[in-house]
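Per-chain residue numbering starts at 1, and chain names A, B, C and D are given in the order in which the chains are listed.
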């Protein structure tokens, strides 16, 4: 079973290396071979991830003795689902690349980047060592940078590179600040073991300081308002597969970090900062929601909606109760699936439209390509929190959690936040339906419609990608218990020890 | 048949069957309409069967009160989310009504939307809608209630926006969802507040917990929040405006939304919380004011509508207001069964009316007064159905509408006698609305049965023809002209009398019409339900004075309307009203513009400001590399690349370091 | 006074020093054998490396007077620095082998390289003020000469700039040394003389000033801002192998010298050492900002060196015990990565002409045209930026930040974090070019020696990235 | 160091003069002289301190000798470089940027243009 652990974490990185080497060969490697290799690797690591979650093996090997850095890998109920999500979304992203012709570079490089991102994310979720967590956290940056800069939207010269660089710089700044926090945490806690960190009684004052530094760093990745401005540009320019991975994998790492490094070990410090975090989260919800009402670019709308959703997750975390933590974890996962779905659909639309400007009048997607339309409307519905779809549970439970924050937080203030978050949900509906109205139902006003050339509807691989995600959205929405039960013991541990 | 031993109880089936139907239809969406219809109708029948089983179960003995769904959510200490169902007699009745209406709508939709390319989506949405409503009805968990509640909102969005080629339909759908969602924000907060203190989301537990704290301010606030949400879904003041716009949806959708499901859901939810409301005068007063205003205001507007479908829409607002008034006038210890009774009767007659109007609209092409005027006369098949529906709507004895409404009035007046503020408001509103209802029902009847002007002219033509003499010229006579009589009329053997005109106008197939007849029968004779042991209604001691005076008022209103309708072109009593009144009323008093001005415009303006700020922030971030580069360039000019500047820097560095070191120490 | 001498222990210094003389002798006997000199120098450096091995296993010391502490001492950290210095010089020499140059100067150049290496190796082990000064200058002056030897216009300009700065710094260092002696009364960096002097109010300022002046003097070699101005000129002027030497061996010598001073001055309060922190931040910021817009490869590398020097010094700014090893660790990683970059630059310069290598845009598409060199360059840049897949660079940055955080010097940590971001921006600029489509220029095959060096460099980077422990083993 | 104030002042003055010389002179040779002054200051300080701290190894004096030796070596290298510079560009002016040449007479066509960059 330990092998599964390594396969889940390291195989994608090896695949990335192999693909990178292949892409440098003087002779062109057939595209199909590249595809098969990357798909096989992603699928195998998905299987391995499932096995890991099921059997829960763990590994502990020294790596850099001087720093006390160890290969300490394992999963629990919080990281397991994220691990599987990362692997699954990568499988889909690999498929997605197949449907959209790669522009700007070789397919091998594209797939290599995806594999590397997956490897980094998997290691992030597998890491039980705080410093290893950081190292894994950084792995995803360069592949993502290449994905955006090299394979990104070429319509405006230089934009892709600028967006990619902004993304990397923002994230590096955040993660290096996080590193200082981690080092401080490890020093104060006396151990780098994430599981044991939450039990180490760090004095309250120091907790606050460490929590502030860590949150400052992680807020970039989450992203928490006002540190979100890298996100829209990155999403808009990234290729579809990149957007999917960015939304479904990378953003999860931020919140996961908050749970692992801040909520657990720095319980008191986090409690002191919770009102600030909650406030920023709610501002983020409203802010992003408002922007989505007037934003012209469809991809940017989806990107901003990510900001809003992560705001919900952060608010739930800030509430500090077991309910809040569950809501946050669930919301995190749900957002991963939903935004991956939306980006897959929107990427397909952009491809067919040759642009994603919402101001242009277009015929409705529901008639021209029913599958695409169905997937879009499903994604939007999930995003606005329609029940029986993934987005609902987190949204409602967050309001409940914020209404009754854990001890040490101002109840009155959090209730105001809860009410504002509920209002934010209205904005969420407003912008999701704005998109539905313009894109799904169509924005052309002429009743006598010209016969429009049908776009190709979703086909083959694209349809597999979209329908899998849609299925996941529905399953998560109808049956939330499984995941919550998985996380429940960990949540109790995280909060119970500190109490 | 031992129902108790089934792995899936009928109480769960009523929700599961329609939901499964919807899923099946989505999965098989590429198949033909016929297959789809088969699934839909089968699903609806099964759903009805499940409701029937439930009723059978209830008739036999005690219900399995507590049913699990997906299992409790393990969300840790502090709160329990059991997610269970609770079946009581109210639930049994309402699930039955919902199942019947749903079945009728499914059957009717197949006919109504026969050529519609989106029929499949429509049918699936209707099934899902049904499931959601059933969930609300049988739910014992605020979270489940919210699931059904929001799901209905979403389905209503899909149904209203069915004809999304039309901008108006898109807008109406958007508006409906947003308004209800906006009202849901306080609703969510309200149930969260209740659940948090009770530490559970089970409705019965919440009610039990809070009953001990009936005076608490939190409770009042939470209840008002919930009322707010109910007002949104049920289109009560101040959220009423989405409902008439929702008439952009196909008629079967309107029937579903208005009759048994979405707008009535508010009544069910409030009925669940009735014990808490009964003890809380403030919340009831708020409810009474909102519902009272709605019922009167909507009835008045209904009278003025130019479009009969919108008339029905406003009447829905008015009727739901009635149900809510019944709850607002509740005294402690009294069950909200009256409201549920009215819900049932409203479900029957409103579904009937909508579907028949839809039928007529297919025949005449529109639902405006001009087109529908005299439609019933032209198409006598619809006559009895319309009559049954309108009579029940007006509350003419002995229809079910009469029974339920009269009992509400009775109850409210009784409570008002106790000087309960909410009841006084409710009673006032009821007194006004009873004749108003009769008036608009009468108006609709007169319009529909109007013998149109063209028919009258035709009759006149026949009379005139016999007298007029046709000029016949010589030339015509020389030609081989038709033989004519002395008057110049063609000398033909008297034409064989026309065969009895065959009414070959389109009509729904027989089973569908049968279902309509079922609805009509329920609307007329459903009043007997008060005799059932499932409803605790005090029908034995009616105040005959009240009954009589209400009937008098209704009769007076009807006569007045008849008088007004005399000598109007379309038999429309409202034509006597000034034109601007009618046009403003048809636009719902232009409240839409007020909404836009008060909410939409400021929010959009704010959004633009925020977007601009965010754009500035993003540009600022994006400009940082440029700024760094500029700094680098500036700094490059300072590095003159000469050895001397390097030396100056060294010297400065030594001095600064020395100073720092010595001083810092 | 009797001083015991263990020649075996002194071998690491003696081998290159004697080899430097020997080269000149050989040249006198067999003139104009260019390749021979370089290979001889390489052999000597390998020999020096071998001689260092005992010190790497266990601390060694010699030149011990009776009852006096020893004047030559090398522990694991020192040995690591010595090994690194040898390795860097070796690579520089290997890079220089194929480079065409005036043959009459080869012997002198080889000799200069060897003597600079001897200085770099010795200065870390010297515990005596005089030897320290001599060896420090021995590590510096040959380099100035090496830069000047290229005799091109930019080279002499660079040499002049470097020379004057070096001399001034030496003046400052000399005064610092004199102050040290006058304040502590000891001409060695041994014992607790400094600690004793710190107790005396009168001498305290003297000691602090002495340490700071010594630091300022060495800071020139490390090219910390504001002592950095010579760096771009010298890098731009020197031939690329010599540039590699300047960027690595010279830095190693400086750090070795600094380590000697700071070890003996550990009694000085941390607030004074924060001056080092300020220097580090200033260097990072300035270097990164300037590199952000630099178009010429060698100047870019110079600015990068300045920024990296900031990272090297960062952990030293704490008196924390892990500070020294962390600094050395970072230095080693930096040296490896920088050498690889220089190797690639040399390879390109040698194959396509220097003009083709000195502009950043020349590296467009190198990932396609020269995959191995391109990958090596990319990985080296990533190591310098501290981003995976250059894991070792990242781990080194972690190691550098750890002592800072342990001291709760949050301002330093945050400043460093922001500079990490700037650094990434710097290296991504170059990295971006590697992905770009290449121009249609004719590519000549690279010299085999260069190819081998580059390939080995790539291998080293890969191995150390997978197993960072191999480089950072002495962190404990 | 009660008796050593006079040498200390002298050291400061010498160092300051040297530093001034380094900064103020544009001719490289004069800069070298400035550096020599600084080293002389260091030597003086060493000698003084050596007198104050009696030491069996005569460290102060030894160090001074060391310094003088190093200084000599430095000057040797430095003059070599200066000569190389003079050969390469005809002057040893330190205030000229890299690649820049002094303009003696703008009308003289024989003199290379200003700011001419060395290609390599």
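The criterion applied here is as follows: a residue touches a chain if its C-beta (ideal position, glycine included) is under 8 Å from a C-beta of that chain, and two chains touch if they have at least 3 such contacts.
Here is each chain with its UniProt name: A = NADH-quinone oxidoreductase subunit M; B = NADH-quinone oxidoreductase subunit L; D = NADH-quinone oxidoreductase subunit K.
All figures in this text were calculated on a predicted structure; none of them were measured in a lab.
**Student:** Would you pick out the chains that touch chain B and also touch chain D?
**Tutor:** Joint contacts, listed by label: C.
**Student:** If you average the C-alpha positions per chain, which one ends up nearest the average over all of them?
**Tutor:** Minimum centroid-to-centroid distance belongs to A.
**Student:** Approximately how many whole Å separate the CA-defined centres of chain A and chain C?
**Tutor:** 42
**Student:** With centres defined as the mean C-alpha position, give me the chain C-chain D separation in Å.
**Tutor:** Distance between chain centres, rounded to whole Å: 24 Å.
**Student:** Using mean C-alpha positions as chain centres, tell me how far chain B is from chain C in Å, no decimals.
**Tutor:** That pair's centroid distance is 79 Å.
**Student:** Give me the residues of chain D that touch two or more other chains.
**Tutor:** 19, 22, 28, 31, 94, 96, 98-99
**Student:** Out of chain A, which residues touch more than one other chain, so two or more?
**Tutor:** In chain A, 165, 169-170 touch at least two other chains.
**Student:** In chain B, which residues are in touch with two or more of the other chains?
**Tutor:** 625, 641-643, 647, 651
**Student:** Please list, in label order, each pair of chains that touches.
**Tutor:** Pairs satisfying the touch definition: A-B, A-C, B-C, B-D, C-D.
**Student:** In the complex of these two chains, what residues of chain C are touching chain D?
**Tutor:** Touching chain D from chain C are residues 1, 129-130, 133-134, 137, 141, 144-145, 148, 151-154, 156-161, 163-164, 167-168, 170-172, 174-175, 177-179, 181-182, 185-187, 202, 233, 236-237, 354-355.
**Student:** Would you pull the chain C residues touching chain A in the complex into a rising list?
**Tutor:** Touching chain A from chain C are residues 325, 329, 367-368, 371, 374-375, 382, 387-389, 391, 394-395, 397-399, 401-402, 404-406, 408, 410, 413-414, 416-418, 420-421, 424-425, 428, 432, 435, 467-469, 472-476.
**Student:** Over in the complex, which chain B residues touch chain A? Could you list them?
**Tutor:** Residues 26, 29, 70-79, 117-118, 143, 146-148, 150-151, 154, 157, 161, 164-167, 170-171, 173-174, 177-178, 181-182, 184-186, 188-189, 192-193, 195-196, 603-604, 606-608, 610-611, 614, 617-618, 621-622, 625 of chain B touch chain A in their complex.
**Student:** Give the list of chain B residues in touch with chain C in this complex.
**Tutor:** Listed in rising order, the residues of chain B that touch chain C are 625, 628-629, 631-633, 635-636, 639, 641-643, 645-647, 649-654, 657-658, 660-662, 664-665.
**Student:** Using the touch definition up top, name the residues of chain A that touch chain B in the complex.
**Tutor:** 162, 165-166, 169-170, 226, 229-230, 232-233, 287, 290-291, 293-295, 321-323, 325-327, 364, 366-367, 370, 374, 381, 385-388, 392-393, 396-397, 399-400, 403-404, 418-419, 422-423, 425-426, 429-430, 433-434, 437, 440-442, 445, 447, 449, 478-481, 484-485, 488, 491-492, 495
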